[in-house]
Amino acid sequence: MVNVGVIGLVMGGAHLEGYKGVPDVNILAICDLNQALLKEQAEKFSVPHTFSDYRKMLEVEELDAVTIALPNFLHCPVTLDSLEAGKHVLIEKPMAMNSSEAEKMIKKAKEKTKVLAVAMNYRFAPERMLLKKMIGKGDLGEIYYVRAVSLRRRTFPRELFERADPRTWFTRKEKSGGGSLIDMGPHMLDMAMWYCNDFKPVSAYGVTSCGMKNGDVDDLSSALIKLSGGVTITLVSTWESFTKPRFFVSLFGTKGGAETDPLRIYREVDGADIEVKPGDVEVSEDSFICAMSGLQSHFIECLRDGKKCEVSGERGLAVMKVIDGIYESAETGKEVDIS
Amino acid sequence: MVNVGVIGLVMGGAHLEGYKGVPDVNILAICDLNQALLKEQAEKFSVPHTFSDYRKMLEVEELDAVTIALPNFLHCPVTLDSLEAGKHVLIEKPMAMNSSEAEKMIKKAKEKTKVLAVAMNYRFAPERMLLKKMIGKGDLGEIYYVRAVSLRRRTFPRELFERADPRTWFTRKEKSGGGSLIDMGPHMLDMAMWYCNDFKPVSAYGVTSCGMKNGDVDDLSSALIKLSGGVTITLVSTWESFTKPRFFVSLFGTKGGAETDPLRIYREVDGADIEVKPGDVEVSEDSFICAMSGLQSHFIECLRDGKKCEVSGERGLAVMKVIDGIYESAETGKEVDIS
Amino acid sequence: MVNVGVIGLVMGGAHLEGYKGVPDVNILAICDLNQALLKEQAEKFSVPHTFSDYRKMLEVEELDAVTIALPNFLHCPVTLDSLEAGKHVLIEKPMAMNSSEAEKMIKKAKEKTKVLAVAMNYRFAPERMLLKKMIGKGDLGEIYYVRAVSLRRRTFPRELFERADPRTWFTRKEKSGGGSLIDMGPHMLDMAMWYCNDFKPVSAYGVTSCGMKNGDVDDLSSALIKLSGGVTITLVSTWESFTKPRFFVSLFGTKGGAETDPLRIYREVDGADIEVKPGDVEVSEDSFICAMSGLQSHFIECLRDGKKCEVSGERGLAVMKVIDGIYESAETGKEVDIS
Amino acid sequence: MVNVGVIGLVMGGAHLEGYKGVPDVNILAICDLNQALLKEQAEKFSVPHTFSDYRKMLEVEELDAVTIALPNFLHCPVTLDSLEAGKHVLIEKPMAMNSSEAEKMIKKAKEKTKVLAVAMNYRFAPERMLLKKMIGKGDLGEIYYVRAVSLRRRTFPRELFERADPRTWFTRKEKSGGGSLIDMGPHMLDMAMWYCNDFKPVSAYGVTSCGMKNGDVDDLSSALIKLSGGVTITLVSTWESFTKPRFFVSLFGTKGGAETDPLRIYREVDGADIEVKPGDVEVSEDSFICAMSGLQSHFIECLRDGKKCEVSGERGLAVMKVIDGIYESAETGKEVDIS
Amino acid sequence: MVNVGVIGLVMGGAHLEGYKGVPDVNILAICDLNQALLKEQAEKFSVPHTFSDYRKMLEVEELDAVTIALPNFLHCPVTLDSLEAGKHVLIEKPMAMNSSEAEKMIKKAKEKTKVLAVAMNYRFAPERMLLKKMIGKGDLGEIYYVRAVSLRRRTFPRELFERADPRTWFTRKEKSGGGSLIDMGPHMLDMAMWYCNDFKPVSAYGVTSCGMKNGDVDDLSSALIKLSGGVTITLVSTWESFTKPRFFVSLFGTKGGAETDPLRIYREVDGADIEVKPGDVEVSEDSFICAMSGLQSHFIECLRDGKKCEVSGERGLAVMKVIDGIYESAETGKEVDIS
Amino acid sequence: MVNVGVIGLVMGGAHLEGYKGVPDVNILAICDLNQALLKEQAEKFSVPHTFSDYRKMLEVEELDAVTIALPNFLHCPVTLDSLEAGKHVLIEKPMAMNSSEAEKMIKKAKEKTKVLAVAMNYRFAPERMLLKKMIGKGDLGEIYYVRAVSLRRRTFPRELFERADPRTWFTRKEKSGGGSLIDMGPHMLDMAMWYCNDFKPVSAYGVTSCGMKNGDVDDLSSALIKLSGGVTITLVSTWESFTKPRFFVSLFGTKGGAETDPLRIYREVDGADIEVKPGDVEVSEDSFICAMSGLQSHFIECLRDGKKCEVSGERGLAVMKVIDGIYESAETGKEVDIS
């Protein structure tokens, strides 16, 4: 039985839900400044210990690992403290405000020989893992081009965009590090690069725009990223646009193509174009939570059994570098070398 | 350029349409007792010579081959005359009234070293050929069970079933040899056995029923046929029933399954059930004519280039034996050995 | 108030659910070897008495009737004991391992003048009963042909088929009496014969095949059954095939046709083909439980009010004989007389 | 062979098309002021004689009957001349500008003992005739309420409504007698009353409104009509409104209900609500022309075989009286007695 | 915090559900003759006080307002008592048995300066309010015609119509004041007139019919109502007919049209007909309850903050007068002046 | 009447079809090297004069204008010759192999004061013009981001990609100037920039890839283009990929968004997200030809009435510069300045 704690309950709810689907895990403690929320969640998930000061929680010896789900600017300091306290860490995405923070976190984790995993959980959804297996078997040949599209019409309640509200750390660059790109980019870029065999990113070129009345971050971002091996990724993300909502990653390979959400494979058999539809791995309504459980199970296996972490700090850093590069390119108007 | 003639224009229309899609063929002559129809079709397809006596037509030396599309009881005698006259023959299905006639025709063709092909054209539709290729590559593993279903709500104008009409040779056993089974069975059985590697039929067990007011043939037939190699085929056909119309062949294999019309493949990839949908070989409206052209092209290649005939008299005989067996079983109530 | 007990809780869950929808019934006792399950279900359904030995339970005098939902090989002995103890019995389908066991059970029930009913509950679903009424009024004329189709892509968790597991009594002939045929056949055959006015079966001819890695029963069966009165039934059932899942019974009559799941009637009105769609008796998600309650209500009426049992041991025996006949035919390769 | 002539080709095109589907009819002559159109149609339909003066055409002795398809204000005078000349007449709907004209036409037809039929062809569509038959058999019980709905978003090219154009006799009351009501009402009212056993209309109450920039007729009309026998019809028609286009007649009976376009029957069977969908009489694309041929065949049978005319001048007059009543009610604001 | 009480729980359930969505409201008491229901609802909604005599409940001083949801004939007397007791009143629709009762209620409310609101809650559904806003901005121009359609196939359990049952006050005119018209008319007429800027009704003309075996009220009603300003409303309502169920209000304006349920707007942009589909205000499953909460929130604002009541007794009276007018017209067969 | 000639008939077929829908135009001459095609098309479109040498055709004085539809490398020289001969020119897209050719053509047109128009006909489709009008009225606010997507699964017959064939000038860079980008880019870029008020392109950054067995051009291209005014366009095009085919341009504005093919507008009304669907300007099957006629009508108005050309050589050059920039960026890996 592994004892875990969760720090930050607003976004940590999905983590609590997710752990219900993971065997041999005990949620020993949770932590938040909001007392009402703390009490409510402790009851809902039968958690024995609650804290409003995460430092106190880290003193609990029985705690093996923590999940950190705080506003982005707190990701780095709280992770460093947790690792220092000897806890394995599962950090919400984006793992940090930028690459340099991410590097510090990785260094500390190595120093303390603890697992540092990033909650890039999308890839753990069954249909997305099935696609990865198919690619591994060579079904698509070599992938040379990827489209990653994440368009939303409405991410937040309408009012948040119009007034100053403590909940809106999301829309303040000093607290979030950025907007739709740093929020949705980690999932999209992690998936895109994972499907391309984790080729190293070499350059980023992009734009961002901000349409919020009350905020200074990107509401929309669009970029063209080159990986080693000649692969190109294009990415577009938006929080709040006048558009039909869509989320998918589309892969173009030499022997086949694929699109996620829902999963479809495009191939050729004896000169005939075919479309393959997986029968029993449809994206379900609770796909997000299901993928979270998958991620958490993996995290537990890493810290308990020494399994290699697939969403390690290093993978998080690769993603972070691309995001840093896009933001820099959007500012300078130039291609940014991130190799 | 190969010169062909068509004998019988009521059902021969599809043959004339089909030849339009075949290169290097010239329709030199057509033959029918109905003068108006003869004239109309000659104009429509620009046919230079017309005959009302097929024996006269067979005297035309330039004629290389004939297509015979007459009432079933004429299939055998006209084929024998045509072969005797030195013509290659493409005979409408069913090739004869029964196996013994079929055997005579095969013997004559061998004697005159002419091609005798049977118009079992369903298998030449693109999507059905694609499925055959997939099976050939082992995609379905070994096939052990086949369902062949051909249900119609209405085959003939309502009146034909209720009155005596010269057109209704279809519903008189002495002229047709049988009803829905001998009419639609050749297509279904040819396809079913073809997909099963032309395993030899060993036994037939079936029933027929007749619901026509004016006719003595089966309106519905249902049978269970065993092939060598342990394969079972079940077949149901009806001309006029209170049912939702359906036509398909469904294959059950050890590694995958398939259903035609439209084509779907059911397989498993890494433990996930998938459904494969061919993208560009959908059954089109004119699928029947398209398959006819495919059959005719093959026939031309056989007689001109000596290619091995895939719908030879022998294949037609295998089908015929199953049909004979089912009719016998329906009468005796016993399983019939046809090995 | 009638006091009932349920023996066997793994499959008995549906029975407990079903009884909730039946008035004037009290679940007095439940019995299972699994103590955890026993406790859980007792709480869930507020059952006052629990037993791990069914013989002890049968000693409870207040108990009027028992539902038996055990592995098939226990159906006969536990039913005999229950009848002996003076309880009315509702036995899960198949009522026994074979006809000879079934006959013993019927004899014992007669001896003790108790009701012996078989849980062939499909027929009690509202839309299926509506169809029976329509047939009774002559809407379809005389039925002469029935197709019963039950195809599944996945019945059990994938692993069960690949390893030895105590739960897998299903796949051991000595414990189950057979596979997909004895499992799903009772529902299909009961419905098919019921719609045909319970005509007596006269012969069976069929095949079975087994594709399981760990088991010796039929995964697929297909048969052609003849009833007295000239009716033919064809049946196909499979547990685990590469196919599109389907379940329905299709009836062909002289004045109309019908198909269940969902219910559609095909008729002719003044020369026009029409399709009738019942408006408010659609098969609901909980159709199975709803049909179970219907069956149980009927069972209660029989034992309390002396109503004639429509799913009596005799009807179960008729079904059993057909199943025995198909298994024998599959082995001998011959038609089997079951009249 | 019956010789017919068509007067007026703009709307007469549908009549020429329709006659192609009628056996034993010869279109001997056509008449129009537009020479180009006259020539074009004569060629298209192989008509031997053309006229620009209908009086000259009426002198042709061989002519048995004429179809008149002119602007409404010409219906009465040209019909009177045609009957006088001894021709049977099929007059486009509305048969006249008002009831008093209609009465003159009926009187003249009687005097000359010629057939006077009105082109209320909607009822001759197969699915609508099927419904009539069902009603005749009592399937709906007694009909007590009818909704007739004819909503269009766009009847004419947009410009017609905005400018003075000779083609726009449609929108001038002096030439058309009215707008959407007199145009579409005849079809709707004829069908509604026909389905109600031709009960006599007793009162009309309605409103009209005009939204045209260039015209003085009703673009929208809505009315409540009472028939003898306690039946109520409501009617709404519009040529050009901001609405979803719809056309149907909906019938409410004591034993069942029905809706046309497409045809659905609502009934109850053993306490279950059912919906009946005719299988093979769907409204086809060319339903209007098909219904026209049906009407014309009936017309020919009446004049040749003395069959009773179902769309006689009297039926046209009943419709006309309702229309007159609605227009009067719309003006006076009061219920109008039309019994 | 406003303290409310609910009188009548059979129909009051929706009110209790609705209040859950209203802030600053406390359900202090509920009242019903049925003790079991009283207890059940008190527990379900945590209501501290229960009464079987509403007069006793009205003596509770802390009670600020009551919701009355009783059979129609009790609406007037209980409202008068409640107002007399100094409580604000939210009365279920129809507000009374007829206009004269409604007038007494209004008079009493004025006298006691209390709010009298009618539960015409349909208009408070989000999509319907959005349409009202659009009309307010002039998007549809002037509305000149409205179709209000409310067709049901089955309102009550089948048995209610066939037997005498105390629950069936619905079908006794002395207790209900009428049938489908007084039941569904208030919602339809309130919406129709609200969208037409609350133009005053000037006349009503209509019919009713009764098809119930056990009842003397209208099962179907149909009417044509004229408002001041030249607007026409047609209305049809039925409880139990052989028809496809439908509910909507359709508006015809000079610049655009609209239809509710679901909401669609029809307009023209640069000569192109467009159809507008609101993206995020779809009618949800619990639309009725949601609209109820909207109504209740408004009621609370009126009594607490002195806001003008949009569903005041006067609006209820305007609706009532139309209903009275239709019933009178149905009896006399004449147009009824209600201006 | 304007006399036009068409040079190049393989692609010129669409031009001949298009001219049928343009008033006051006479196709006086056509020119092609393929004599059979020349004769066939002359007959089909009743063209009086045919040429195999375009220089001879240009000598015809009556010819006012020519349409040039030749392989890309011939666009510039034949245009120069045509302008020199005093003819107005409508040149197929892409107008040239590159910008420098385009500039020569523009210079020559100015010199000879002739109209030089480019066949960027997509924008002339009705629904796309409707969108332009909406943008012109400010319905979308300021557009800041555009996605242009053109994905095909199969552009050419499968064989063309695998063998050397004279028809395949498409896949040879020396004859075509490029692949999917230069082929489909002109339509996409013309539309994208047109909707953005023809803002000047300032930079291009992109990639291309080539998957053809027999060809040296891009099968796929992807780029990010910046326009003056802060607008960003992303573009992806492919001829032959394993993907679901799609074609659309998606616009993101400050007040609304839009997507073409089919046209949908996304806006907000009173806080509600709405989706606008144009009712009568759907993209029809022959949309391409319809748009061609629109373009040709405009061309005729320009040369005859002196109307300003909307698809002038200058607009073609703007598009050409972006394409040149993308190809250069793909080669150098750097952002290319094209301001």
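Read from first to last, the chains carry the letters A, B, C, D, E and F; within each, the first residue is number 1.
The criterion applied here is as follows: contacts are C-beta pairs under 8 Å (C-beta built on N, C-alpha and C of every residue); 3 or more make two chains touch, one makes a residue touch a chain.
Owing to the predicted nature of the structure, the values given are computational and were not obtained by experimental measurement.
Please indicate which chain is farthest from chain C, where distance is taken between mean Cα coordinates of the chains.
Between chain C and the rest, the longest centre separation is with F.
Going through A-F, B-C or A-B one by one, find the pair whose contacts repeat those of E-F for over half of the pairs by residue number.
Looking at which residue pairs coincide with E-F, the repeat is A-B.
Based on the averaged CA atom positions, which chain is farthest from chain A?
Between chain A and every other chain, the largest centroid distance is to D.
Can you check how far apart chain B and chain F are, centre to centre, with Cα atoms defining each centre and the answer in Å?
Using C-alpha averages as centres, the distance is 50 Å.
If you average the CA atoms of chain C and of chain D, how many Å lie between those two points?
59
Approximately how many whole Å separate the CA-defined centres of chain B and chain E?
Result: the chain centres lie 68 Å from each other.
Using the touch rule from the top of the page, what residues of chain F touch 2 or more other chains?
Each of 153-154, 266, 273, 275, 279-280 in chain F touches at least two other chains.
Can you list the residues on chain F that touch chain E in the complex?
By the definition above, chain F touches chain E via 126, 130, 133-134, 266, 269-270, 272-281.
Please give the residue numbers of chain A that touch chain F in the complex, ascending.
My answer: residues 140, 144-145, 147, 153-154, 158, 203, 205-207, 209, 211, 220, 222-224, 226, 230, 232, 234, 236, 238, 241-244, 250, 252-259, 264, 266-268, 271, 273, 275, 333-335.
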